[in-house]
Every structure is written in structure tokens, then in C-alpha cells.
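Below you'll find the structures, each written out as C-alpha cells.
Same chain, two partners: subunit A is paired with subunit B first, then with subunit C.
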Partner chain A sequence: MDFGILLYVLSLLTVGGIYAIFALGLNVQWGFAGLFNVGIVGFAAVGAYTYALLTTAGSTYHLGGFGFPLPFGMLVAMITAAIVAGLIGLICIRLRSDYLAIATIGIAEIIKLIFKNETEITNGPRGINKIPRFWEHFSEERFYSSWPLSWFGTPEAWDAFFNSLPNWWWQPFFASTVLLIMYVIYRMLERARIAPWGRMMTAIRENEPAARASGKNVTARRIEAFVIGAAIMGLAGALFAQHLRLIEPTNTFDPAKVTFLVWVMLILGGSGNNRGAMLGAFLIWTIWSASELIITGAIDLLIDIFDGVDMGSLRTRAGFLRMMLIGLLLQVILQKFPRGILPEVRPASPKGIK
Partner chain B sequence: MKRTIFTTAAAMLCSTAVMAEVSVGNPMALTGPIPDLVAPMAQAVDLAAANVNAQGGMFAGGESYKIIRADSACDPVAAVDAVTKLINVNSVSAILGPVCSGATIAQAESVSFPAGVTTLSVSASSPAISTMEDGTDLMFRTAASDAYQGVALANLALAQGITEIAVSYANDDYNAAIAAVFSAAFAAAGGTVTANEAHEPSKASYRSEVATLGSTSDNLALFAYYGSGGITLMRNALETGAFDTFLGADGMLSDEVIAQIGAENMGNVTFTTSASDSTTPAFAAWAALAEGAGIPASDPFVPNSYDAAFMLALAIEKTGDDNRASVSAALRSISSAPGEVILPGEWAKAKAILAAGGDINYEGAAGNQDFDENGDVAGLFSQSSVVDGAWSATLIK
Partner chain C sequence: MWNSFGFEFINFYFIPGLVLGCIYALGAIGITLTFSILRFANFAHGETMMTGAYLTWTVMAICSGVLGFAVHPLVAAVPATLLVVLLFLVTDRYFYKPFRQADTIKVVMASFGMMLIIRSAVQVIWGPNQLTFVPGIAKPNAYLKDWSGSIDFLLLIPNKHLFIFVGTIAFMMALSYLLNKTRIGKAMRAVSDSPDLAHVTGINVDQVIRATWIVGGACAMAAGVFLAMDIQMLETTMGFRMLLPMFAAAILGGIGKPYGAVLGGLVIGLAEELSAYPWIGDGPLLSPGYKTGVAFAIMVVMLIVRPQGLFKGRSF
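Here is the complex of A and B:
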């Protein structure tokens, strides 16, 4: 029982970590450069589909799968998302904030519709399944019978080895991998924030004409931030695909559950603050997920107290109740911390320099 | 104040973790696109649990059979999260399936297969579910695969003398899958599919789609949900005279269609749906139970939900020790011959036979529920057409 809770905490850390990577990507775009990107779901989908097509085993349902090594899939997912963002950036980045928002919403929908309708490539609305997940994938035959594992043992030996492990063995490894990736990105972004590049970004965000007057190439810098943020989102999308193991365009990449949720995480944690972005992601995901347990528990308690009253309908409606309570909680937190729980610290101030 | 809130929250968390019972996780799409469809299914699951508990409960000690409900929202992300909690925190013995196919596949591959937990889905009908397992036997469902309904509809079309047909399907996982099966079966049986096009759901007008397809054939196989574009497409097709004969599946079968299109325009309309043979004693037993509890007995997937919840209870009873690993084999054993026939609601009888070491064979409300090697059941289908302004269904034998 207690051990099961540990596994649940691991899954909270995994999913929270993936959302934290999304939030860090958005922080580069919105927190640093002030780019109002409401198309997160589009970059997530590009990353997830690229990863899925490259790494799954050959299938009759979709193009490929090409069965490439997983790190290669993740790398290409980043690059593809970056290229897509670069093309969008060249066209749209001059738009001012709210117009950029409209453009990115539209582009995200276009990307989703492409994945939905190019049935030959993506299997359309039925989606791609059997996406390999890091660490766990080693216990699949096509991985343990090829390099690098085949250098260390025969397929039979590996098969016996994986069968001897408890079935949750990969969970701590996968969670640590996600957290490690998150930490590396955090350190890189923190370095960028304190560097002249980060200060220049703040200048561009706060006063664009002044930055332009001091000779900064504002457009190129904004495209830069947009592309870096999108590449990070593409990587998060690839991890998201690994976590779910099935992706399809309609429900998996629902803007309300990707774009909206990541924005809430960043705003609540503190936009412009990398630690805030990560804190917001873990906090919101934990509330989102654990509230179901608490509400189910509360209903059980009510049923125990008011014995004999029919509470079946309450159970059926608990889902809606939960959505409402989460909204209410967000209102309260945002009222209390209008600039986010960890507000932005300007790099130029003494506090910002370590 | 903070401490009070914290302790209350902790108390609520702990109360979900009481272990004096046999628990089964029941992720259902309570929110999301189809809550109305799911509400009676959830009632049917609760009714099965109530029947079990009223007739002696589980095992010798009479433990209570508890359904722990969660929200899978018809969404892979929510389903994976919900099932993670059910398996790890609530320590459920099995998963009584998510409703939608995408959510079912994602939760199985991401959580319940790796954890070795059996899934019995109540309504997931995607053909992809049949072939998703690789050496394990953990995926079952009490609803028939669309692969069967698509074939049944193709045979029906040929029996009506239709040799060429245009296919239009809403671009979602359910309708795309059944359209693909139908087209393949129709072509394999000698018919000609003149066009096969997807349409986006919920558009205001389908005139251009209808015009393109209508130039190829007078017969249309329409796979859509009536509430999100199906009625509009049909109306456009009739207005422009592009088609005169319509075939379709469950998604279009509703009184709403007659109300909006008009019975006088629906002379050549036939829709199939997965159905229960209402002449069997099993269905009669179920109908009596459902009527007593105020549940619509023939609504889509409602009998399947009851069967699933009842069969999981039988399977866990059969394992004798509430062990996750043996649920799958026990499920096969209690659902098929040989053994004494058990009808819906006959818990006390089944429990007595199992306690004496005998075999049972559950015959469900929705069909005989004998699983094949993929964990699928053969479905029964009915064809409905409009007679005197209302749907009239006959079972396809």
C-alpha cells in the first residue's frame, strides 16, 4: 500500500517534470521575450509525432516506424519543432502580442488538422500507439536483441534478466531521466537569463523602441527566443508521447489540457522566473491529479456519515466538481500572489547575480 | 486553520485506502464529450456491485465488492493519470475499462500492462485493441469490435442489392475505424466503393462534400455522430438530391434524426447498432433487474457495463484470494463453457458453485460473453429502419 503511493509520487514527478519542461519553454518565449504564444499544443504535437514516427517499430498503420534509437528521436523532435517555429517566426514574429496570440492559436490548429488528416503518415484520428518509453523499452525484444544491449549479453539472458525485475523497475529511472533533462534545461536557461542575452531580452520585452535605438536586432532576437522555446516544447512533447505511449490528435492534444494548463503553471509559478515555472508545473499537476483522490475520499466520507442516503449520483458528478474546485483554487492563489508565487528577479539587480 | 485543512485532506486520502473489501477501479468518461451516454453505464456498474453485495458479497467472509470510480474524460492523459492512481494508491484488483478506445489503449500500454493488471473495457470498440497485446493476456472487452459491425453492415448492403456505394465518415477515431472496416469488407465481397472521404465533424454545411461524393453514386454509407454533423450532412444530401439510400452505424441511430429529417424522407435509411438479443433468458433477467433500478436496459453499452462489472466480480471470486495476477485466467474460465450457466444477477448461485469447486459459464445481458484469444466477444447487431415514423429494429442473425 505505502509502496503504491511511492509509485504514484514517481508518476506525479514524471508528469510534473514533463509539464515543467513545457513551462520552461514557455518561460523563454513569454517570461524572457514577452512573446504571447498560445500555440504550445502545436509544438508539443510536432515533437510527439516526430518522436513517435522515428522510434516505433515498423507498423502498417502509419508511416514507418523507423525504429531509430530513442535519444535520436528526441533530438530530431527538438530540431523539427525548432524548424517549424523558425518558419512561423519569420512570418509572424513582427506581430504585436495579441496578434501573435491569434496567429499561434491558428497555427496550432493547422498543425493538429494536418496530423489528423494525413492518415497515410500519422494514422489520422486513430493515432500512433506502442511508442517506446525510455528505460522500459529495453525490455522489448527489438531493443535487447540489438546494440547496445547485445554487446553485454545474449537476448535470452536479457529476457531472463528483465523477467526477474519487479514490473515497476523502470519507473524510478524514467522519472529521474525526465527530472535530469528538466534540470539541465533549467541550468542552461538560468545561465542565459543572467548572461547579457537575458538582460537584452528583458530590455526588448520592456521597451522595444529603446532596445532598437541602442542597436539591438530586435526581430532576430525575438525569433531566437521563439525557436529556443519551441525546441524545448518539442522535447517535452517527445517525453509526453513516451509517458502516454499512445498519441492521437483530438484528445491528447486538446488545447485546454496542454496550452491552457502550461500557461496557468507559468503564471502561477511566476513568469520570468525559471524556478517559478517549475514550481508552478509541479504544484498545478499535483493539485490536478491528487484532487481526484481527495474528492473521492470526501464523497466516501459523506456516504459513511449520511448512511442510507443515495450518493451514487454524487460520484458520477465528482469530475465536474473537481474542475470547479481547481478553478476556485487558482483564483485564490492568483489573488494572493498576483505576480506568481516566485516573482521575477531582474538579472541586473544584486539579488539576481549569484 | 491550515492544520485543520491539512488533517481533513489527509483523513480523506486515508479513507480512500481502506482495505477491508475487494475493489475494482472504474475509470469512466464522466466529463468530456459523452457524459450523457456514460451516466446510465455507470449506474449499471453500480447495480452489478449492489447485486453482488446484496447476495453475500465476495469470498467466504462476505467482503464488500467496491467500485472505485475515476474520471477518464475520454482522454488519454486523464485516463493514464486516473488509472495510475487506481492501481497504485487504491490498489485495485482490476480495471473495469475506460469508455473510449484511445483512453483504453493509452491506459493499458502506459500503466496497467506494465503493472500486470487486467483491463475489462465496457465499450471500447476500436479494432486496434484486438492486436495490441504482445505475449500477455490482460486486455478484454464486453463490447464487440467495430471490425464485426463494419462487416455486418457491408453484408447488409450487399443483401439489399447495393453494388456500389460512396463512404463518408467523420474524422474521429470511432468513425474512421468502422469506415475503414466497412470499405474493405464491401470491396472484398464484390462491391465497389466509389469514393471514401473523411469530413470534419460539426461543420455548418456539408454541401461541397456531398456534391463531390454524390457525383459518384446514389448510395451513401455515412459514419458520423448524429449530434456533431451527421444530421446536417444527411439533410444536405437530401436537399441536393445527391443520394437516395443511406446506410450507417450506431452513431446515427437516434430519434433526433427522425425529428429533424422527417420520417417521410427516410424511406431508404438503414442503420445498424450493436444490440442485445432480447429473446434470451439472460436479457430477460437483466431487463427485470434494470427496470427495478430505473436503468434504461437497452441503451448503448449499458448491458455491456453490467456484464463487465458482474464478470469481474465472478473472476475475482474464482481466484479465491483477490490476486491481480490470476484475474485474467479466471475471467476466461467463468465466461465460457464448460460450466453451469449463470445469468445476470445470479450471484448467490454462482458463489455457491465456485465455493464447491465447480465451473460456471456466465451468459451476459449483451451476449454470451465468450472471449476469443484476443479477449474480444462476438457481437450481435440489429438493423433499424423507419416504420410509421419511428425506428424499428430487427436482429441480424
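Here is the complex of A and C:
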């Protein structure tokens, strides 16, 4: 029993960490630069599909897979998401916040539409499966029979070794990898926030005419923030694909479960605050998955009590009830605690500290 | 002239495009009014449309199940409209009004949240599966078919499409009367042009905002029911699917211009349907899977080239 709890906590940390990376990416766009991006799911899908096509073993169902090393796939996922964001930024960044919101939500839908319709490349609605997951992928034959593992032992020896391990051996490693990536991004963003770049971002967000008057290139800086945020989201998308191992365009990349949850996480944690973004992500993800257990338990109880009454439909609807409650939570936070749990702290200018 | 080309074009591309355009037009009226009077893009508009269609279905089900007689969707839509308008007013009171003095983006965020709340609520109450709105295959109107057949100009228009055309025209006329002849309509236009000036001249802005929700709600309701009549079923995603084309229509026509929204809606609806017509070669010009992309492309081009829209609306 205790062991099951350990695995549950590990999976909470893994998915929470992935969402934290999403929230950090959104924090660059919204928290730093004030760009209202509601197309997170689009960048996540770009990252996930790039990673999946590059790293899966060759398949007749979709383009590739090219079987590239996993870190390379993740890097290219970031770059692709950044390029897509750059193109969007060039067109849409001048728009007022409402229009940017409409444009980004539209782009996310178009990206999903492309992944759904270009069946030659993405296998359409049936999706891509067997996406290699970090650490776990070593126990696949194509990885342990090639470098770097082949330097240390014969395939037979590796096969025997992996067979002797319990089937969850990779879970702690994968969770720590996700958390490590999250930590590295956090440190980099924290550095960026305190640096002149971050302070300039705040200036642009708070008072655009003043920033423009003091000679800042507002449009270029905004595109920068948009691209950096999108690259982080692309990386998170690649990790998301690893966690799921099967991605398809409609249900995997449901705007409610990606875009919306990430927004609630950032707003709850505190927009503009990197620690807040991570705290919000873990908090909301814990509430989200715990509420699943509670609601399922409650439904089981109801089924036990009203024996014979058909309660099957309740089960399928429980997930929507959770979504509704999270939506209400967002409204409460927006109205009562608009600054979030950890409010933004403005860095003082180095010259200002005596 | 009326060869197989014209027959196919008119009946299978042009008329469906016009029907879709009418639905977008009615939805876009609400969006353009809230955008110009309350100054925010209401993301929950599509979901309200969808809720309206579900409520209509419920009224119809109650009528045929409990009272024992079937009613036409348009009749059932009347009591459902009241509920939808109520939903709009309650949403405004509790979720949008607190932000009236705050940044616009807060309200947009709140409406984005409302979109999810309303959709989930519908999914909890009615379940996530598709429901049949009107069963059976819609036959073309027999009278119109015979009449147009006799003059060698065969038109195959089902009754549901005729209802949609007539309904949209009726709504347009009522709206035009409201905006041009009544006191509240003139006040709405004044607030849309300049809220501060309108306030100074003694216009009750709160009343205008209520009127906006009522008018927008009634139009959204009509759009939702027409859409359900057209596709003959109900899905919880149908509101979200309509959202982007409706925004595109509102922006194309110019924010704050109801007639612009109607024109924009018709243009977007026609463009979406006609993009699948085999203009070049045999296959469709654009795969039907990309229909939504057409609306979006028009919107983006418009935002870059002429953000104030065709009718010189407000550009923020």
C-alpha cells in the first residue's frame, strides 16, 4: 500500500513538473510581457509531434519516425515551437490583448486541424504511439543494442539486466529528469527576470508609451518574450508526449486540459512570479488528480447505496464536474486574490540598492 | 446556363454557405455588441449559443414526453430564450461586473473561464454524447422543387433552411427597428461610440448593458437553435466550433457595427463552404477539413490590412 502511494506521488511529481514547465513558459509571456496567449495547447502539440516524429522507431503509419536520440528530439521540439511562435508573433503581436487572445486561440485550433488532416505525416486522428520515454527507453531493444549502452555490455546482458528490474524502475528517474529540467528553466528565468531584460519587460508591460519613449524596441521585445515562452511550452509538450507515450490531436490536446489548466495554475500561483507559477502548477495538479479519486469514490459509494439504479452515466460525467469546479476556482481567484498566492516581486535596480 | 455546374454550385455550395452565414451573422451580432459596448471579447458567447440549443431540446422533450404533443423547435425556443437571457444577465452580474472598472484583460479572462464552466455544466447535465435534435432526413421543400423544376431552375432547399432564412431576416428587421427607432437602441449606439460622452448626457449605462445582453442573448439563442436545426443534432463542442468564425465575422464587419457583423457572417459562411468547391480541377480547392481555417485566415488578413473592418468600426 505504501509502495502504491510512492508511485502515485512520483506520477504527481512528473505530471506536476511538466505542467510547471508549461506555467513557467506562460509566465514569460503573460507574467513578464503581458501577452495574453490562450493557444498554449498549439505550442504543446507542435513540441509533442516534433518530438514524436523525430524519436520514434520507423513506422508505416506516419512520417519517419527517424529514431533520433531523445535529447535531440527535445531540442528540435523547442526550436520548432519557437519558429512557429516567431511567425505568429510577427503577425499578431501588435494587436491589442483581446485580439491577440482571439488570434492565439485560433492558431491553436488550426495547428490541431493540420495534425488531424495531414494523415500522411501524423497518422491523423489515430495518432502516434510508442513514443520513447526518457530512461524507460533504454529497456527497448533498439536503444540497448546501440550506443551508448552497447559500449558497456552486450545486448543479451542488457536484456537480462532490464528484465531483472521491477517494471517501475524508470519512474523515479523520469520524475527527477522532469524536475531537473524544470529547475534549470526556473533558474534561467529567475536570472532573466532580475537582469535588465526582465526589468525592461516589466516596463513595457506596465507603461508601453513610456518604454517606447525611452527608446526600447517594444515590438521586438514582445516577440522575444513570445518566442521564449513558446520554446519552453514546446519542451513541455515533448515531455508531455513522453509521459503519455500516445498522442493524437483531439483528446490529448484538449484546450480545457492544457491551456485552461495552465492558466489557472499561473493565476493561482501568482503571475509574474516564477516560484508562484511552479507552486500553482503542483497545487492545481494535486487538486485535479485528488478530486478524481474523491469523485470516483463518491460515485462508487452512490452505486453501492442505490444498487440496481444505472449510474454508469455519472462516471463519464464526473470529469466535467471537476472542470466546472476548476473554472469556478479561477473566477474566485480572479475576483478575490488577483495577485495569486505568491505575488510578483519587482526586482530593484542594482543602482537603487545602496 | 443552368447545367449541372450551376445546379451543383447553387444547391450544394451556395445555399449551405448562406445558411451557415446566417448562423454566423446572428452570433456575431452579440459579439460585436458586447465588444463595442462592454469593451471585451466574450469567449463564452459560443457556449451560450450551445446552451440555448440544449434548453430548446429540453423544452421539446418535455412537451412531447410529458404533455404529449410535439412542438416545432422555433416554438420551443421562446421559453428557452428567456432562460438564456437570464443566464447572460446572471453571468454578467456575478462574473463580469466586478471587473467593469479593471483592466479589460481581466474580463476576457473571466469570460474564458465562463466558457469552460458553461460547457462543463452542459456536459454534466446533458452528458457528453451527441443528442438528436430533429430526427429524420430533411427533404427539399416540395412546392419550391416543383415550381423551380417547371422553369428549369431546380432548387433543392429543405424547409429547415427556409426557416433559417426567414428567421434571420425577421431578426435583422427587429434589430434594425430597435437600434434606429427606440430610445434604448439609440442609447446603445451612443454608448458604443463613446461611453464617457453617453454617461455625461445622462444615459443609464447599466440599463444599456442589460439591453446589450438581452439583444445579444436573443440573437445567440436564435443562432444556436438554427445551427441545431441545420445539423439536426446537439454536441457540446458546437459552440466552441462557432466561436472563431463569429469573431472573424465581427472583426470583418467592424467592431460595433451590427450590419457589418451580418455582412461579415455571410461572407465567412460563404467563404467556408465555397472553399470546398472544385474551382480548379476535380478535387475540392481546399480539403473540407480546413474549413475553419478559412474563417481564421480572413480574420488575420483583416487584422493586418484593415483592423477597423469593412464598415469602419472601432479598432482598439
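Here is the rule we use: the second predicted complex is superposed on the first by the 306 of 354 C-alpha atoms of A that agree within 3 Å, B and C clash if a C-alpha of one lies under 4 Å from a C-alpha of the other, contacts with A are read in each partner's own complex, and residues count from 1 in each chain.
Going forward, a contact is a pair of C-beta atoms (placed from the backbone, for glycine too) under 8 Å apart; a residue touches a chain by one contact, two chains touch by 3 or more.
The structure presented is a predicted model; accordingly, all values stated were derived computationally and were not measured.
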Which superposed partner A:316 touches (first subunit B, second subunit C, both, neither): both
Which superposed partner A:105 touches (first subunit B, second subunit C, both, neither): second
First, second, both or neither for A:334, with subunit B first and subunit C second: second
Partner chain(s) touched by A:126 [first = subunit B, second = subunit C, both, neither]: first
Which of subunit B and subunit C A:95 touches, first, second, both or neither: second
Most subunit A residues touched (candidates subunit B, subunit C): B
Which superposed partner A:167 touches (first subunit B, second subunit C, both, neither): first
Which of subunit B and subunit C A:116 touches, first, second, both or neither: both
Which of subunit B and subunit C A:207 touches, first, second, both or neither: neither
Subunit B and subunit C footprints on subunit A, overlapping residues: 116-117, 316-317, 320, 323
Subunit C residues touching subunit A - in the complex, by the definition given at the top: 35, 40-41, 43, 95, 98-99, 104-106, 108-110, 112-114, 116-117, 119-121, 123-124, 127-128, 243-244, 247, 251, 287, 289-290, 292-293, 296, 299-300, 303-304, 307, 316
Interface residues, subunit B side, partner subunit A - complex: 9, 11-17, 19, 30-32, 39, 42-43, 46, 68-71, 73-78, 80-82, 84-85, 87-89, 91, 100, 102-103, 105-106, 109-110, 114-116, 126, 128, 132, 171-173, 176-177, 198
Residue numbers on subunit A that touch subunit B, as the complex places them: 1, 4-5, 7-8, 11, 15, 61, 116-117, 119, 124-127, 129-130, 133, 136, 167-168, 170, 243-248, 250-252, 254, 257, 289, 292-294, 296-298, 300-301, 304, 312, 315-320, 322-323
Parts of subunit A lying in touch with subunit C, wherever the complex brings them together: 36, 38, 91-92, 95-99, 101-103, 105-107, 109-110, 113, 116-117, 256, 260, 263, 267, 313, 316-317, 320-321, 323-324, 326-328, 330-331, 334-335, 338
